[in-house]
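After this come two complexes, each holding subunit A, first together with subunit B and then together with subunit C.
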Partner chain A sequence: MARAHETTSGTLLPTNSPAAVWAAIGAVLFAAQGGAFFGFVVGVLGDLLTVTPLPGAAFVTAVEAAVEQIPTLLSRDVIPNDGYWNGSRWVGTFLGLPPGLAWGIRAALVYLYAFVFAGWVILGYRLYRREYRTADWTPRDDMVDRFRGHKWGIFGLVVVFMFVVMAVFAPVLGPTTVDENMRNSYSNEITYWDSDAEAVQTTLVGEANLASQSRGDNPERVLPMEYDDFGRFHPFGTLPSGQDLFTFIVSGSRLSLVIGLLSVGLSAGIAASLALVAAYYKGRTDLGLVLASDSVMAMPQLLLLIMLTTVLSGTWLAEIYSGGFVLALIFAGTGWTYMWRSLRGPALQVAERQWIDAAQSFGQRPLTIMRKHMLPYITGYLLIYGSMTLGGAIISIAGLSYLGLGIAPPTPEWGRAINLGQDYVATGSWHISLIPGLLITLVVTGFNALGDGVRDAIDPQSDATTEDGAAGRGGGA
Partner chain B sequence: MNKLKYLGKRLLMSVPVVWLGASMTWFIIFMGPVDPASRLLSEGQTRNPAAYEAAQIQLGLNQPPLQHYLDWMSNLAVFDLGQTWLLYQGSNVNALILDFLPRTLWLGFWSVLIAVFVGVPLGFYAGMRSNTASDYVASMGGIVWRAMPNFWLAIMLLTVLGSAYTLAAGDFFALNFDWQTIGPNLDSISGSPDLSRLDTVDGFLAATKKVLPAAIVLGSASMGNEMRIGRTAVLEVRNEDYIDLAKAKGVSKRALVWKHILRNALVPLVPIITSEAFLLIGGSVLVETVFGINGIGNLFYQAAIQGDLPLVGTLMYVFILMIVGINLIQDLLYTLIDPRVGLEGS
Partner chain C sequence: MSVGPDEEPLLAVRDLEVVFHTEREEIHAVDGVSFDIHEGETVGLVGESGSGKSVTARSILGLVDSPGSIEGGKVGFRGDDLTDDNWERHRGDIAIVFQDPSNSLNPVYTVGNQIKEALRIHQGLRGNEATDAAVGLLEDVGIPDPRRRVEEYPHQLSGGMQQRAVIAMALACDPDLLVCDEPTTALDVTIQAQILDLLADLQREEDLAILFITHDMGVIEDATDRVNVIYAGEIVERAPTGTLFSEPAHPYTEALLRSIPGRTNAAERLPTIEGEVPTPTGRAEDCRFAPRCPYAFAECHEMPPEHVDVGAERSAACLLHEDGSEEAAERTVFDGSEAVSGGDSA
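And now, the complex of A and B:
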């Protein structure tokens, strides 16, 4: 701390404790949006638990309701966009602005907030590195610095970050909500300006959806950045069912991210532990694992996914998270092989090092050696392959739901949007298939770019890719 | 001799792989939570105990699991694949596979060919001109191309080919583009290729044209991979000492590129090209479904959707054999291209 005093006094801030200032900024930032974070965590947990007959489910629902009460700065209530035209001005929207503009402001503020938050995290890291850490330099600094100079990797990070923000703030970002616009569209009413009758009317959301369907060249179709006849703004247009495509996609991104993270986390765990075991014991253990992974890999991943989703479709497991949980499990069960193959090489190299011998001669137990002396050297590779596999998982999930497998139908998923719109690509309703596809391409490119950047940062010499690119491509979906 | 030994070892290793893969398939299908016998029956039949029992006996599920497992595996081993239940009811599975497989192979053949003949040269081109504008354009294109979901690309391509365009540049030049009228005429853009007339020029062209859009889509992921690996391979080889030596010796530029750089850069490409099998076979399900090609991937998907689980298991066995076979071919190619294989560690 003494060193910190010398360097900071007078340079940064009037107080002598930059950490306190940093923490205060963080507290303010968090207070503004805490509800959204809790909402994300509790929402995902709630979706996971609602079908299982566990006692926790009721509790989570209660917490969910409580979380909704937490005041949030950037929420639908503070910056509302669902209002109506009363003949002379907009009623019920933010500052009386047109709904499109109000929505735009809210979305822009959410992203602004997210980037400020990211900036706060980066600031904290640099503050820690400059003022508080006792060591002047650690090897990890080089990696971070290398990554900072890697434009392609930064691009990937920004894309991935924006995707994550989309998933976390999904309920705020959409011009409407899944519940109002899709799930319970017939129990929600909207008010709108009826230009024929020259009066303000009310109707059910479901009825309004029926009159704003995008089915080819029909006159009611709603293209991106257009209003429908009910004064509702659709940033990405509407689906053939008249539902809002943007809300659909934003909600689908949350699903993709959660399944992707879950499956990659699980398969990374399996792959890392098996790679360590194989590298430590070598010989027969290694051979057995090679055989096991070869046999799993001999079954094409996408076909295995199709087979397992059909076989498991009727079970209680398939009900959790609209089938997303079982999908994540299957991904982990089939995907670890690709990662294991890529990790085995580096793990074998580490196992040859002298410090492993030294640790053994000290009488350390194998598990400790693997965890303490081998694992840290392969975590970098885990990051690289994890990032690339996540992109592949997103493609696979979309591919499966395009086929009508995996995620159960009413739940929004990107692949289903492509499926819904595929008959209209050549017509006036081209947006339904085009936009989700472009987004998938962008997000997957982002994950691959992030993986490239991390790889170049960790080990500039290597050209590590997933063994054959199959995992990074979602098994060919 | 070492190479033969290496190949023999690989061949021996593939036996347990096939066995393990088939066993896992058996376990998933017959020991899983779904009763294959009841999935085969319609609503009414499920309640009819006689029909259910008949289905069970036909599937051999009335036997103890171990006996059933041994029966199933030995049937697979001698390619006695039985009959279908729901899909093309009652037809012989062997005949069905022989009927559907050629279309998938035709599709796979073209997609590998397109990917190799577009991806590899582009990658080499980018590698030879590294860090120039053309390198960036090619690399960027490859990366984005690789990230596109096949099924989406297929839909978009079908749309683009389905309509006629006029490319015009001022008054001087106008090119009418209409996929339907280029080359042989097809009754529709999508659908199965007609492989019965492959021996005639016209039939060959028609079958090729029919499968070409699907092949481009299916090859897209591999194309991106090949480009990327090809580029790095050229870059790495270019920096090797022996290239400097060859330059110093006065080897002509042409011989340097073709003999010293490109041949060595091919080595890391072999596993990429062969392991496309994973992508091709997996991707064939979606691409065949979108393009309406009656291939084996489509058959697998239909069987899974309609609940013909025994057929799903049998087809999975065929896929396992295909992939293991392709892996063996990869090893063979390896030994042919890279003289170092089989020499290390012996």
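And now, the complex of A and C:
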């Protein structure tokens, strides 16, 4: 049956093994950007490990250094945008282009690469489905097909994907780096064209920042897509401190994503295990868990958060991800209850199915029954609630940083960008609060849309062909 | 196939009490049920919906879920009392086939995968060995082209095929006793006959004992050696199949037989039993069938009847047969145990 509608790769390529071609494309794609992937993983783990009082921190630093040596195609070195005008042309930028254009090309190529990578994954799935899988249909196929027809869900997926790409490729995407522009701005120098002196000069980044602050209507303020007086391009303008807002935001996305994923992953894990246990054993176990979750729900999350941040401040735990780890733990510890409530119903429903009895009758172990015969039926709900809670977690983190809780300065965080700009909302420096605010709204909407799409895809009764999916339910903290 | 009552039975259910605790009341779904199954025989358990058939079946396998629990009596299997937490010890010796085959198979795994799961637990088979064994089992239950079918998902099989696969899954445990809980109810008549034939063949080949649970008297007549008639959680009559059909002793059995199409020739309208099976919310204080019984008299509403012998290997719980004779009461088939009054061990 595969012959009738051959895959594109099967007809285009002179080989009988499309899988090999697919794997080769993957290898090339990965080789091009392997450094960025490893950099992201090592960076995330490294932040976690270097502050823990465990041996191996030195090892992590060594690995980080080693990873930096991996050649990467789309890197700051290959397509540089840090350059200066020497009076007649741009020096040090990619192909001698203006820095803004060089940065634009780099950012566009990163996203292009990411979408090609996504296409490669989709191609692999379709190849597997058509050529290699023995069954020509499984229930999951219908879900995938329904999702493909769900425009609102696809919109969510694209937004979420772009957000993840931003987090993974954060160091490459920014026009400058956190280290150079923020953390150690007085240890780094830049070269620039001094138009008054008509000569190329050098100055400290910190000094340059002071001269490009956006504070209301001051003449030095740098609005989105503008250059400052030092020839530096700022896609989103500058912060009141003169730091680059875009770099601040891409770097903050990493933190939001990691904390969001961590807290949602943890609470989803707790919620799913407890839902399975409650549904399998029912009776007293179930009642006990209902009581436990109700008690946790009754705790005031914000007060608990303030208390724990104070209690834990100064300990190594509070230093992981600048306090984000503690946030994630608190979100997980209090947030699992809502997810558990939502999962318990479907889990109880599955537990009534006869194949559970059948498995029990032939002596399957309870844990295996839960994992093999029940879990697959609630993973869909896990995805939906997980995706929606993730949006909520991102809002919460931003909200807390806005209030000055949670993520310690100077670590970039979206909520703090809003906070920093709130004095200037009605002035000429309107961009500082507006841009991160819009981005948070967009990303959270994306996560909720993705959740909606997944829900409609999983539920065969929902009619995904009607296009009013946008009326779906919202997430929230 | 018929075995002397003196021989040690394979399964001996004694005074089984299963109670469901709901918020408003206690439901005695199974109230003092006793019966035996000997090696290699087929015993029927017949009754209306809600009479406690399936709960009895599930108790034998220890599958009664909360809020229900076994609160009295014994389930003896090969000399061990299963209710004494011996279920794990005899896991696989008793297998069950449920009513709806499409619901007994997990739709996300292939048929082979699910049979192999049982094979792995009970025969320690893995990999190719397990696949071969699964193919063999599918062949035994009469599925054509088992090599291909073993890779297929449940939805790719017809209802009859699915039930065969479920039976294969049960056989993978290599059981001594197969509990069939309405195995043919969800199937159409021709497939039903095929499954009954299959079960009979398997019984002959593997020397299986079968507990056959159904509400279909026709199936009982075809498939079983002895029958227990259950009503509102109590067994009201037990008899060899032939005699039960020729001369029913309990008014309920009689009424059941009258309502089989084609057996009664006179009436144009099929006689029915008026009323519904009562929900047994407490211990029996009267005959539970009395409100629907055409022969009921005053005493029927005052005391629960006990099982009395009404012929060779048969007994009925009905005051019509009691005749005031204490000897008769003592000679009940099941060593004097009383099906109605039950134990007070709960």
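Everything below uses one rule, namely that the second predicted complex is superposed on the first by the 441 of 477 C-alpha atoms of A that agree within 3 Å, B and C clash if a C-alpha of one lies under 4 Å from a C-alpha of the other, contacts with A are read in each partner's own complex, and residues count from 1 in each chain.
Here is the rule we use: a contact is a pair of C-beta atoms (placed from the backbone, for glycine too) under 8 Å apart; a residue touches a chain by one contact, two chains touch by 3 or more.
This one's a predicted model, so the numbers in the text were calculated from it and none came from an experiment.
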item: Subunit A residues touched - subunit C or subunit B, whichever exceeds; value: B
item: Subunit B versus subunit C as contact partner of A:291, first or second or both or neither; value: first
item: Partner chain in contact with A:281 - subunit B first, subunit C second, else both or neither; value: second
item: Contacts of A:72 with subunit B and subunit C, given as first, second, both or neither; value: neither
item: First (subunit B), second (subunit C), both or neither touched by A:253; value: neither
item: First, second, both or neither for A:311, with subunit B first and subunit C second; value: first
item: First, second, both or neither for A:359, with subunit B first and subunit C second; value: second
item: First (subunit B), second (subunit C), both or neither touched by A:134; value: second
item: Partner subunit A, residues of subunit B touching it in the complex; value: 13, 16-21, 24-25, 28-29, 32-34, 143-144, 146-153, 155-156, 158-159, 162-163, 218, 221-222, 224-225, 228-229, 232, 236, 271-272, 275-276, 278-286, 289-290, 297, 300-301, 304-305, 307, 309, 312, 316, 319-320, 323-324, 327
item: Parts of subunit A lying in touch with subunit C, wherever the complex brings them together; value: 134-135, 137-139, 281-284, 286, 353-355, 357-364, 372-373, 376
item: Touching residues on subunit C, where the partner in the complex is subunit A; value: 58, 61, 63, 65-67, 88, 91-92, 94-96, 98, 100, 103-110, 114, 117-118, 121-122, 151-153, 155-156, 166, 169-170, 172-173
item: Interfacial residue positions of subunit A with respect to subunit B in the complex; value: 291-292, 294-304, 306-308, 310-315, 391, 395, 398-399, 402-405, 415, 418, 422, 425-426, 433-434, 436-437, 440-442, 444-445, 448-449, 463, 465, 467-470, 473-477
